[in-house]
Amino acid sequence: MISLVEVSHAFRGRAGAVEALAEVDLEIGEGEFVAVIGRSGCGKSTLLRLIAGLITPSSGRVRVDGVMVTRPRPDVAMLFQQPALLPWRSVRDNVLLPAEILRLPRPAYAERAQELIETVGLAGFEKRLPHELSGGMQQRAALCRALLHRPRVLLMDEPFSALDALTREELAGELQRIHMDLRPTTVFVTHSIQEAVLLADRVVVLSPRPGQVRKIVEIAIPRPRSFGHNAHLEEVTEHVAELHELLLT
Amino acid sequence: MISLVEVSHAFRGRAGAVEALAEVDLEIGEGEFVAVIGRSGCGKSTLLRLIAGLITPSSGRVRVDGVMVTRPRPDVAMLFQQPALLPWRSVRDNVLLPAEILRLPRPAYAERAQELIETVGLAGFEKRLPHELSGGMQQRAALCRALLHRPRVLLMDEPFSALDALTREELAGELQRIHMDLRPTTVFVTHSIQEAVLLADRVVVLSPRPGQVRKIVEIAIPRPRSFGHNAHLEEVTEHVAELHELLLT
Amino acid sequence: MRTPRVVAPFFGVVGTVAVWWLATALFHIRPLFLPAPPDIVSAFRRQPAYLLHEAWATVTETIIGFGIAAAAGLGVAVVLAASRTVERALLPLFVALNSVPKVSVAPLLVVWLGFGPRPKIFMVVLICFFPVVVATMAGLSSTPAELSDLVRSLSASWWQTYVKVRLPWALPQIFVGLKVAVSLAVVGAVVAEISNPNRGLGAVIVLSGTSFDTPLAFAAIVLLALISVVLFYLVASAERLLLPWARAITG
Amino acid sequence: MRTPRVVAPFFGVVGTVAVWWLATALFHIRPLFLPAPPDIVSAFRRQPAYLLHEAWATVTETIIGFGIAAAAGLGVAVVLAASRTVERALLPLFVALNSVPKVSVAPLLVVWLGFGPRPKIFMVVLICFFPVVVATMAGLSSTPAELSDLVRSLSASWWQTYVKVRLPWALPQIFVGLKVAVSLAVVGAVVAEISNPNRGLGAVIVLSGTSFDTPLAFAAIVLLALISVVLFYLVASAERLLLPWARAITG
Amino acid sequence: GCGGSAKDEDPSGASSSPDKVTYLTAFGAVGRDAFAWVAQEKGYFKAARLDVTIQPGSATGENLKNLAAGQAQFASLDLVGAWILAGKGEYKDFRTIAVIHQQTLVSIISLEGSGVASPEELEGKKIGAATGSVNQLLFPAYAKAAGIDATKVQWVNTQPAQLPTLLASRQVDALSTFLIGQRGIEKAANKKAVVLPYSRYLTDLLGNGIITTSKIATGSPDLAARFRDAMLQGLRYTIDHPDEAAQIMKKAQPAADVAAAVGEITLMTPYVTPSGSSSPIGSVTEQRVARALGTLQTANLIPAGLTPSAVVDFSLTPKA
């Protein structure tokens, strides 16, 4: 589905270039859920932007569905690290933006938008403007927007970073349910090792700048995985410890 | 030091008012480290803004040092949920902003800024503009700025939300060191229960909207506390479980 | 206790009139140079119907011309903002065109468009067009990177990008252009009327000027100022109505 | 393979000149109404030194007036943006003042300020002032809430808030005002020169008009356009130099 | 006056340093105004101990305002317009010190073949004129004298500079303007022009004249006389040498057109010389002025009561 071959990316700036990614090789299968972890500034967002076609790599090739990525594709949805809500649109209209742009039938999607808004706990705020929301609420609105049109590929850049532990768990559970349901190919950047282990089929560990694939850890725990105490607690703990170790060195 | 008496706050908007905080009573002593946790949208940021004097309560009284808060005070530093960096200033100049505004001697503070920048791992990025930084790097720059002038009161709104687990632990350790050193009165909003338990003298649990003080939990573990395995692991786990429970209900 | 909205403008106007009156009285300025406020009032009261009738002509020319210029300026700015090459090819031409003194174009307009209101409207368009273009272009190129990334990631078409994101975001800046343009619009109408003084307040100014009736000229100028202020605040209110979000996200 | 920067403007200019030339040739337009490009070139070549000398007079008036207007406009906008009350009291007056037709003010300026460059400079100031004020005010009130919260939380003084945050943030919008103003500046200088035609390209236009030398008038107009374009792009380059960050955070 | 760079130094002090004065031409820099530059170039001003700054003037009203404000001390302008203003009491503080055109140059000009060859043919036609100009104000009197109905004429108001274009582009059938513009109009329209001078019926009106403020006329008559003489010397030289005069003006005002200027000078020459061959250039009699004012009164342009000496300083007009 998604393949990166020797992908490097450097940002040129006035104060010299920053090498963000170096020689990243990665294959992600159809319907797979891949989590990406790594130190702050190691190039995780850059990686997502490359797959989304928002930037083109300095060298190497990025393919989605076997096609070279040169620009964004409508079947790939990106959830940005910042909420990026349109300040003049209400929450509902922000969530409906992809339907408008992809010219999907409004009534059906208006219903779906409402469901999503309720799922993330924003019921009652549909008609408010983004500046009337708290940071976490804005992030949840952006999440609804990314999920609205059931994209084939879902790129998520720290979607839960502004959420409290409980909301986080709830929404991670929801995300797992959606993934099992529709099987979008998912690349999920997170800072929580726990979350990565509980959600992903594989966890990609990036080394600090320039980002390189340090290790890819398979998580073979059967789904659905629950977030509280469960039968696989030991495996989870083991993986978490291993990933922690990998990040440290 | 800080006292809130029956503080309520409601935001008026086009689509009706939102009651963010209701009848909050809170006393925070000089040099104390208080963590605030609560569900997303429960009014944590609003609480900090009230103490900072950026907004005035709809009813009730907020006092700092026995003085009614009607506007911001120079000895209170606020770290916002968004990085709020000035886009035309380099990282270093952003960090030095408080020194300029409070007319502190530049050479001394330039040195301190450099130290802080190195501490948070931004060495080498001093001369870059904010848009050249990753989300986590921007947050760390904002953290440096808040710490620069050694304020007496430190209000921090999810300062580590965009950071990976490891950087988070490192910086939490650093924050603890700074607090033990200079003893600023600290109000620390976080989503990580773990972090709250490991950093705070007391943890304030807010109920969902409208935010009310549900419980205040004393954390009596002696300092310095370490973040890995330690002698007080059991107490930590107990507190975490208790707080988790409190948030749930 | 906030003072009501009209108090400040009221004092502003009263203050100006007072200073003006005092100046004419103290320095014994002759009405030929600068008439005192009562002279102007009496000039107005001598023939109010005539003045209002001419004012109405000026107002209609101004509004029609302003409307055309706003629409055209918006369209052109969108085209220029869409392509660097087109911008590089055309913007210098617009700058050049804009710098041609309107006063020397006015006679040509009469030759081309006759004596009716058309040359006046065209002049209003000429004079309003440029500020709208420059402001709109600036607004269109100020879309935050995160929002343009968002629409790009949704594979939005060029048209959608403009309609859904770039234009709404540019609106506060477009209104800067519109505000500047609307006050120039009145000037444009008057310049055209001065050059072909058959109707409008510009004609009143010219005619009264040649007969040395300076108070009448000033009565016309005061009416012009009033029209200008009203139109300006109409645009400003449209802005307030349309863009509550813009005020909300600024502090 | 990007085309070099000068290609597009080059084709823009060549295209316009070609269309113009063709129009004059095809419709047999007489040089009195619209001279063909070669007529203008030869008019210029008959007395280049004179034209350049007068152009220089216009340029200096324009630049001095523009500089004064930019500084004054900035200052006034800061004051108006600082207080709603002051804004409400003064802005309507500025709008009113701005709508007074400059053409009818020009003779008065000569009466007050003499025949030298002063009335021309003053006219440039009058005409440039308003766009700078409106654009700067808009820019100053567009500071994002998070940044104004930041400086407030640092207990910054009024002055610091403006110097460190509000003004830098407003700069991109201030430049919109400056760009509009600079192209009006040239017009202002010419309007004043037309009314008192002793120096400058405005004088050339008037005097050649009275002697029916339309090609010479157009040579002056072309020079004016050139001056305008050069000044506009000088301001635009200043913007590019000063505000790399503004381009970086937009997409 | 509103100050400014007024240069009224004490003219009575007959020092060796020349008196600085500013002079406004009647209208820009065209042939009818060339003589000022001739006087400058030929050194007549210098010989009269004058340091003259020549400013291109705009119109009667503006020139008077600048005189009133002290920005200029002398000016040329259309005497009919100026006297109407004086008669209406708008501005009286000036005195005529010399007459340049002994008859008004105001005329109807149209193009050959446009159907206007005599005053009668004006009825039902469009006539272009500078807004509110003397030309328009005088027309009823002209019409009455010529025996036509003034109300049957449709006026089109424009700016002076715009008039030839309007006629050439056939937006109007005729113009009311100064007859010396004939050559320029012919050049613009590429056709011969038909000229119907007002002076044919309104014989008593005067054309341009040189004026100064009453303060200078009464306070420094010597200065005024010196200025007058230098100017008239220039005028004489100009009508004797039209080509050279045009060249001299072109040198000072490069935008001027030599051919058009020569045309104007030759056209105005007959109007400069007074009818009685004994009276010199620039002179005027009190009776003549009285008749001119009378014409204005009967045309209802000024109220009764304006005396010739209120507008002309006969002690300063040239004498035989």
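So that you can tell them apart, the chains are marked A, B, C, D and E in the order they are listed, and the count of residues begins at 1 in each.
One rule holds for everything that comes next: contacts are C-beta pairs under 8 Å (C-beta built on N, C-alpha and C of every residue); 3 or more make two chains touch, one makes a residue touch a chain.
As the structure is a prediction and not an experimental result, all values here were calculated from the model.
> Starting from the defined contact criterion, work out which chains touch subunit A and subunit C both, please.
none
> I need the common contact partners of subunit B and subunit E, sorted by label.
Output, common partners of subunit B and subunit E: D.
> In whole angstrom, how far does the Cα centroid of subunit B sit from the Cα centroid of subunit C?
Centres of subunit B and subunit C (C-alpha means) sit 49 Å apart.
> For subunit A and subunit B, what's the span in angstrom between their mean Cα positions?
27
> Express in whole angstrom the distance between the two chain centres, defined as the mean CA positions of subunit D and subunit E.
That pair's centroid distance is 37 Å.
> Could you tell me which residues belong to subunit A and also touch two or more other chains?
82, 129, 131
> Multi-chain contacts in subunit E: which residues touch at least two other chains?
Residue numbers touching two or more other chains: 2, 65, 68-69, 161, 165, 169.
> Send over the residues of subunit D in touch with two or more other chains.
In subunit D, residues 33, 111, 145-147, 149, 152, 209, 246, 248-249 touch at least two other chains, as defined above.
> Let me make sure I understand the interfaces: which chain pairs count as touching?
A-B, A-C, B-D, C-D, C-E, D-E
> Across the complex, what residues on subunit A touch subunit B?
11, 13, 15, 18, 37-41, 44-45, 81-82, 121, 127-129, 132-137, 140, 158, 161-168, 191-193, 244, 247-248
> Using the touch definition up top, name the residues of subunit D that touch subunit E in the complex.
Of all residues in subunit D, those touching subunit E are 30, 32-33, 47, 50, 107, 110-116, 195-198, 203-204, 206-213, 216.
> Can you name the residues of subunit C that touch subunit A in the complex?
Listed in rising order, the residues are 146-147, 149-156, 160, 164-165, 168, 243, 245-246, 248-249.
> Which part of subunit C faces subunit D closely enough to touch in the complex?
Contact set of subunit C toward subunit D: 3, 5, 8-9, 11-13, 15-16, 33, 84-90, 92-93, 95-104, 108, 111, 130-131, 134-135, 138, 141-149, 152, 172-173, 175-177, 179-180, 183, 186-187, 190-191, 194, 202, 205, 209, 217, 221, 224-229, 232-233, 246, 248-251.
> Within the complex, which stretch of subunit A touches subunit C?
The contact residues of subunit A facing subunit C are 49, 52-54, 71-74, 76-78, 80, 82, 84, 86-88, 97-98, 100-102, 129, 131.
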